[in-house]
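Chain naming follows the written order as A, B and C, and within any one chain the residues start at number 1.
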Amino acid sequence: MHHAPARTLTQGDQAVYTALFGARFAPQCSAEFARKLGFATAPLDDLLVFHTIFGKTVPEVSLNAIANLGYADCRFLAPVFPGDTLSARTEVLGARENTNRESGIVYVRSTGTNQHGAPVLTFVRWVMVRKRASENEVAGPQVPTLPKAVAPGALNIFPPKAFDTQNRNQSGGPRFFDDFRQGERIDHADGVTVEESEHMMATRLYHNTARVHFNAHTERQGRFGRRIVYGGHVMSVARALSFNGLENAYFIAGINAGRHIAPCFAGDTIYAWSEIVDKAHGTKDWGLLRLRTLAAKDRSCADFPDKSADGTADPSIILELDYWVLIPRV
Amino acid sequence: MHHAPARTLTQGDQAVYTALFGARFAPQCSAEFARKLGFATAPLDDLLVFHTIFGKTVPEVSLNAIANLGYADCRFLAPVFPGDTLSARTEVLGARENTNRESGIVYVRSTGTNQHGAPVLTFVRWVMVRKRASENEVAGPQVPTLPKAVAPGALNIFPPKAFDTQNRNQSGGPRFFDDFRQGERIDHADGVTVEESEHMMATRLYHNTARVHFNAHTERQGRFGRRIVYGGHVMSVARALSFNGLENAYFIAGINAGRHIAPCFAGDTIYAWSEIVDKAHGTKDWGLLRLRTLAAKDRSCADFPDKSADGTADPSIILELDYWVLIPRV
Amino acid sequence: MHHAPARTLTQGDQAVYTALFGARFAPQCSAEFARKLGFATAPLDDLLVFHTIFGKTVPEVSLNAIANLGYADCRFLAPVFPGDTLSARTEVLGARENTNRESGIVYVRSTGTNQHGAPVLTFVRWVMVRKRASENEVAGPQVPTLPKAVAPGALNIFPPKAFDTQNRNQSGGPRFFDDFRQGERIDHADGVTVEESEHMMATRLYHNTARVHFNAHTERQGRFGRRIVYGGHVMSVARALSFNGLENAYFIAGINAGRHIAPCFAGDTIYAWSEIVDKAHGTKDWGLLRLRTLAAKDRSCADFPDKSADGTADPSIILELDYWVLIPRV
C-alpha cells in the first residue's frame, strides 16, 4: 500500500509543533547547535516525523480500526529537515482472527521515505479490525516474529559529528550518557493540560483523519461520550516533558514498544516519568539509553506510579513507551 | 480603496492553515508533486489566499457591515507561493438604498496583487451597511450586472505542465475529470468540530478584524449571545473535507456564488457534501468541475440535506458554495 | 547565568505569533515594506523576541518565583530576522530581603544575543523569591539604581533607511510622529477574548515553562483556582490592538516599566488604550513616542479607565506598560 499524497514538512510545521508541545531539545531548537553536530540546519522533531508517517497510513490502515494495539521495531533511519517531502507505504505482515470470528488483528510494517527515496523511519504496528463478514474463511494465523526490543546495533547513529564537549553547557542540562545508571528513575516534574483545539491542530498537522479525534457530534454517542485525543499526542507531551532530567537525550533512535493504556481527553493534565531500562554503547562518542516512559493523567509522577505486582497499571497511567534515545557519552 | 498594509504569506502561514483545516490536496501538501506540475514549489492553499485578500478589505468594507450578503465573479488569476506579498484594493461598483432608507447594499470588487503587481485574485461581494444619515439623498440604484456563474473560458488554468498520468496514484484518490458525471452527489463523510481558539487563530492569520469573531464580552449582548465564526472558516472546513471524494480537484479556479445561510458557532460540527453541477473542458489536459458544496452543522451529509421544493434550506445547512475546481482529465 | 538551549526563530514562529495576536504593523507583515526601510526581509515582531529571551530565563530566574514584580531599562538593540538563533544570559544585579526574612527581591539583567554574538535585547527585571532558609544571613540590601525611563539617546534607531514618504498609504494609518501631541489619549477600540489553548501555545512557543500557565490540575488548588495567563500575553494583545490608532508605530525601541496589575485568565476579553506621555526626536527621519498603554479586561477602553487620584487602578485594569515606539517623522 502506497499512502498518498506525500507531505512536505517545513519550518512552519516545526513551529506549530513547538507551540503545541514546547519541546526544548537543543538540536531541533537551535540551528547553531545542530550545525555543531554536523547537520546543515536543525532537523525536525523525531516524533513530528513519526506522527506524519503514521498519519499518512491512517486512511488505509486504521481509519475504522477498533483499536490500535501496539508498536514494535520502530527505527529512525535518517534525520528529516525542513523542506523534505515524506511518503509512506505499508505492507501487511500477517493477521490472525479473533475467537469471535467477527474481528481480527492485522500486523503491518509502515516505512517513510524522503524525496530522495531514502528511508527515514520504519515501524510495525498491529490493529484490531472488523472482518468484512464473520463467516469468511481466513487462512491460519500468520503472526510475524517481532523483536521485543530493537537491538542497539540495528539503530542508526546519524549525527555526522561527535558532540563537542565545549558545548556541554549549551543544551540546558548537565547529565550525559555516563551520568545515568540502569534502573534510575526520573520524574519529569511538570504537568500539562491538553485542550481540544490543541490535539485537533496537532492531529490535522499530521494529516491523521481518524474520526474519533475530531467529531464531537458523533463521539457524544460514542464509547466515551467525547472526542478521544490521538495517542501520539500523549507521546509528544511526554517526550517534551522528559527534557526535565533528560536534556541531552537529543534523538529518539527507535521505539521498542508502546501501549496506550487508557484514553486521554481534553482537560486531562499529563505528567510523565522515565526509568533507565538499559544502556548501550552506540559509538565511542554516542550512547543509547533505553527508556521506559510512563505518562499519567491528573496525577503527579513524583512518586513514579507504575504497574503493581500483578501487572495492573495504576489507574492514572495512560501511556507506556519503551524506546531508545541517543545521548552524547561525554 | 487601497487596503494597507500588505501581507507576506510564508510556509509558516501555510503550516498554521494546515493545522487548522487539514487540507490534503497534493499540490499544496507536497513540493515534489507541485514540481511535477511545473511549479517551482508548493503553492499556497487557494482559500488561504482568498481569506487574506478578503481580510485586508474588512477594515474599509465590512468591519461594521450589518451583513455580508454574497459573492460573485471570483477568479483565481495566478498561483501564490510562500514569500509572496499580497496587496488588496477595492472599487465600489454600485449601491442601492433599502426601503427603510436607513441602510443599503453596496457592491464592491476587490482585487489582490502580488509583489510584482500581477493580479492573483479578483471577486465581487455585496454587503448591507448603515447609511450615515437616513435623510441623506442617494442617487438612484446602481446595481452592477454580475454573471450568475463565471464562464469557463474566463477561468485561468495555471499549472505550467499537464498532469503526468504516472502520478495517478500520488494524489490520494482514483477519480479524475472523466470519471465524474453531471448531477452526481458526493458525501464528504467526515465531521469536524470547530473550537473558539481555532476560528480566532485562522481569522487573525488573515488580518480580518471583524469584531463579532473575537469579542465574547460584547457578543454576549449581541444577536446570538456569543462569538460568530467567520463564514470563510466554514468554506475552508468544507473544502478540506471535500478531499474525501474529490482528491484530484487540486485548485479552486473560481467562485460563482456563496451564501452563508446560517451562522456557525464554536462547538458546531461541520459536515459537507457536493453536487457536480456542470463539467467544462479547460484544456486538453485539464477539466473544470462546477461544484455546489453544502455544509451542514451537527448533521451527517450522507443523505445530502438540501433545499426543499419551496427553496427553504434544511435547517442544518450553513453554507452553499458554487465554484469551479480544476482537475486533470486523465 | 547562561540559559540554554538557544532558540532559532523562523518564519514559522512568526506565523504562529501572527495567528495568536494578529499584529498588523507593516514592517513585520510585509517583506516588501521592510525592504523599503532597508531591511533584507521582514524582521520578527519585537515582542516575539522579548518573550523568547524572557522565556529562556524562566528556568533559572522565575520558575518558582512568587511574583514577577517589574521591568526596567529594556532596550531593543538590533532587529531579529527569521533564521536568527537567540541565546540569553542573566546577571544578578542585587537583592534585598523582605522583612519576613522568608523571601526577598532579586534584581537581574538579562541580555539576548544572536548567532553573531551581537546583543539584540537587554532588560532588567525583579522577582520575589523564597529564601533557601529564613535564618540564612543575607548581605545588606543591594538595590541597583535603575532609570525610571530609558533616555531617548540610549535607544537604538535601527531601520537602515529613512521612511519614504511615498509609502505613506502603505502602512494602514495616516498619522506619523508630527501628528501626535503629548497628553493625547487613544482608544484601541477592539476587544479580544483569550482562550486557554492560545495562551498556552504562545507561552510554549517562547519555551517559557512557568507551571501556573499550563497545569489546570494543580492550579485548581492554587491561588486563583485556574491557570494564569502569562503576563506577556497581555502585552502582545495590547500591542496588536494598538495598531488601531498607532499604525505607524512600527517598532518598540525600549520598555521603561511594566506592571501586571491583575491576573488575566482564559475567557477574559482584553481592551487597551494608550496615552502619549512624551515625544523625542530620534533622528531627522524617525521620532520616538513614549506611550503608556493600559489593558483592561471585560471593559471597553473608550472612556480611558485609569488610576484614581489616590493611585488605585480601576479594577478592570490588568497591565500598565510604559515604553518607547519608533515612528517616522514625516
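Here, contacts are C-beta pairs under 8 Å (C-beta built on N, C-alpha and C of every residue); 3 or more make two chains touch, one makes a residue touch a chain.
The shown structure was predicted, so the numbers you read here are calculated from the model rather than taken from an experiment.
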item: Fraction-based call for chain B against chain A, same above half, different below; value: different
item: Rotation, 0 to 180 degrees and nearest 5, that superposes chain A on copy chain C via CA atoms; value: 120
item: Chain A and chain B: spacing of chain centres that average the CA atoms, whole Å; value: 36
item: Chain A residues counted as touching two or more neighbouring chains; value: 10-13, 15-16, 195-197
item: Interfacial residue positions of chain A with respect to chain C in the complex; value: 10-16, 18-22, 24-26, 29-33, 42, 169-172, 190-193, 195-198, 267, 269, 298-300
item: Partner chain C, residues of chain B touching it in the complex; value: 2, 4-8, 10-13, 15-16, 59, 83, 85, 115, 195-197, 200-202, 204-205, 207, 209, 211, 214-218, 227
